[in-house]
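There are two complexes below, and they share chain A, which is joined by chain B in the first and by chain C in the second.
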Partner chain A sequence: MSDSFDALVTALADDELIIGHRHSEWTGYAPHIEEDVAFASIAQDEIGHASSLYSLVGGGSGPQVDALALGRQPEAYRNAVLCERPNRDWAFTLARHWLYDHADDIRLEALEQTSDSKLQQLVTKIRREERYHLLHADYWMKRVAQGPVDARSKIIPAMSAAFAEAGGLFEPFEQEDQALDEGWLPLPSSVLLARFMNWATSALDELGLPGGSEAEAVIPAEFVASSSGDLIAGEDAPVEEPVLPAGVGGRRGRHTSDLAGMWAEMTTQYRENEGARW
Partner chain B sequence: MEVYEVFRRGGHREPFEHCGNVIAPDADLALLLAKECFLRRQEGQHLWVVARSDIHFFSDESLLELAADKSYRFASAYRDVVGKRERAHERVRELQAS
Partner chain C sequence: MVTGASALLTSEQIEARIWEALQEVPDPEIPAVSVIEMGMIGGVHVDGGRARVVLLPTFTGCPAIAMIEEDVRRAVTGVAGVAAVEVETSFDPPWTSDRISAAGREKLRDFGLAPPDAAPVLITQIGLPVVATCPFCGSSDTVSDSLFGPTPCRATYYCSACRNPFEQFKQV
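Moving on to the complex of A and B:
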């Protein structure tokens, strides 16, 4: 297996782990008991997907799953910034859940054509579970967007905030060019981003939610991945760090302080009880 | 929000059995929530939700009680039938012998 394969799978797994952990923070606090159970279940699914993906890193012979999930420093994670944002309220959580799971569906659909058979089988399995997540997100979003007034007035700013950073989910992976050449990644992130934006524009329009104008700002199209995994602006890149669009940077370890806080809590047991098994 | 009663069954030969209820704004979301609350561990293969308001029941359940002696409707009332038949056979044999 190659480094570019590991980079791709690690980024996918990090997204799942980090958003799964954020989702799990609702356990015991969700709007009502049935939703508490359902959302905790979705959180478990996402963390389970992360675990399965980590197990493919290094051709299955690399560091163990726990070490990848909990044994790295925050800057080593390659999740998109949107995943690490605090839950804020139920409206933001829901908006992010809806955007994330649809974005995930778009990239998983593409990854069903990956040249790696283990990843391909896993993606097929994950997509079976994601069908429920999509239904759950769609039903909730439809109910909330259609009112009552109170729900609509909360979902509109929440969606704007989440959507503004959603483009970061399609920031190019590290070593993306190699992953494309080697067939692990069937389509470049820019193509997936375009698909996502097409979907989002019509879906938001159908729900009567704003989002179109912010969409222009978040497309990180002017950035391409260099062989080192750094993003450079075009051919003759200035040496200084480019100012990144909202939500971009996570795929090369440029996270917000939100991740550091979450990471400290998420990894407490692992760090304090080195080598412990459970 | 409305209460939806949840029914599930293990297979096509099994009856649907009531297993609990969920509170949801509509039947679609009720089904999604019921799946996670009552079919988490493959307890069944089929799931129904029914709005509680669509369920009809007697407002006066004393109607369901037996107001008079209906012992003839119970199998236990016929336990002595075998004995009676034995005695009848016995009587026939006696009459044939005489």
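Moving on to the complex of A and C:
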């Protein structure tokens, strides 16, 4: 397949790997045993999806899965910024889990119509597994949103913080215009973003949670940038670029220092034991 | 002589022997059940001495996949008439829990895992509450504890009758 195919699949896989790694950080620390097991299992699913997606890069004959997952520098990752944020607390973890898995469902539903048969088959498989994540996230969100005062007082600011950056999941990926021209990509990110915002607005309403007004204010106008847009990646870019809306930049390799920290830990074994297999 | 005899085998005969050999390959995490009974074999193709086995992973994140691939390769390599083996991992069709055979479901139960339904599951039905039968006492008086369990393919339940926690092979 083409460069644009590799770019999209890598970005999707990076999202899954990075959020999967964050979820895995709850292992041994979650509020109770079922959630320890649940997040470990969800993490394993996401990292498995990342692995299967990486294996499609380069038409299956590209760099090995481990080299893509662990052998790149932080700025080469194309995950959305929301995925790399630390878990903070249980409320933020749940809010991000809920937003991420619903956003993922919206893009996978669209991608299931791709003309690339290998990707289509994998997405069909992934979507069936992801049902468990959606049910888990919905269950928790309903519980804490309706829950006692303490739960609501924690989930409201957590949701607001996560939602403010969730639009970054639909930042156009590199070579998206080319992918649309080539015809294998069914829908542009801008359409998926609109679907996501519609879903989120009514879902938050239903839960009786505020609709994240900050996010709505910054996202739509800024998000039509084409893949050849002006979000420049690179080492020389200043750390604080005032032009980027919240949560945007990850698809161009513009990450926060949160990624560098987790990258160092995530890739330790790979870097210290060259060629190791596990 | 094995080589002399195998030269006379037809592709159909070799294929039949490969299926027999695969019946001996267990799922490493559930050794009571073979990869055939788990519905993980998508197809066996024989062309001359070349064998190709299509393997359908149960869950994409299953860490046992590489091990199963290796076990399948080893088992098929030992079949008379097979000179070369290719094991292809595929999602076409995606593995679904209704692929587990009746014998496989029986063995899961004996192993202590409640089997998934025999019927195909629509994507919209996945993960919805099901009445899981306790594999220890046979009671249906059970409650879901978590959609997740110690492996990606297992959910946890509690039996109100015999008061044991148990696991169910997830419907997917």
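Going forward, the second predicted complex is superposed on the first by the 252 of 278 C-alpha atoms of A that agree within 3 Å, B and C clash if a C-alpha of one lies under 4 Å from a C-alpha of the other, contacts with A are read in each partner's own complex, and residues count from 1 in each chain.
The criterion applied here is as follows: a residue touches a chain if its C-beta (ideal position, glycine included) is under 8 Å from a C-beta of that chain, and two chains touch if they have at least 3 such contacts.
Since we're looking at a predicted model, the values are computed, not measured.
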Combined model on chain A: chain C and chain B, fit or clash: clash
In the superposed model, does chain B or chain C contact more residues of chain A? C
Under the stated touch criterion, which partner chain does A:A38 make contact with: chain B (first), chain C (second), both, or neither? both
Figure out whether A:N87 sits in contact with chain B (first) or chain C (second), or with both, or with neither. neither
Check whether A:T27 is in contact with chain B, with chain C, with both or with neither, and answer first, second, both or neither. neither
Does chain B (first) or chain C (second) touch A:H136, or do both, or does neither? both
For A:S2, using the defined touch cut-off, is the partner it touches chain B, chain C, both, or neither? Pick first, second, both or neither. neither
Stretches 57-65, 75-83, 93-101 or 129-137 of chain C: which one clashes with chain B? 129-137
Chain B/chain C common contact set on chain A: 34, 37-38, 41, 132, 135-136
Give the list of chain A residues in touch with chain B in this complex. 32, 34-35, 37-38, 41, 132, 135-136, 139-140, 143
For chain C, which residues count as touching chain A in their complex? 59-63, 90-96, 123, 126-128, 145-152, 156, 170, 172
If you look only at chain B, which of its residues touch chain A in the complex? 22-26, 28-29, 32-37, 40
In the complex, go through chain A and note every residue touching chain C. 34, 37-38, 40-42, 44-49, 51-52, 117-118, 121-122, 124-129, 131-132, 135-136
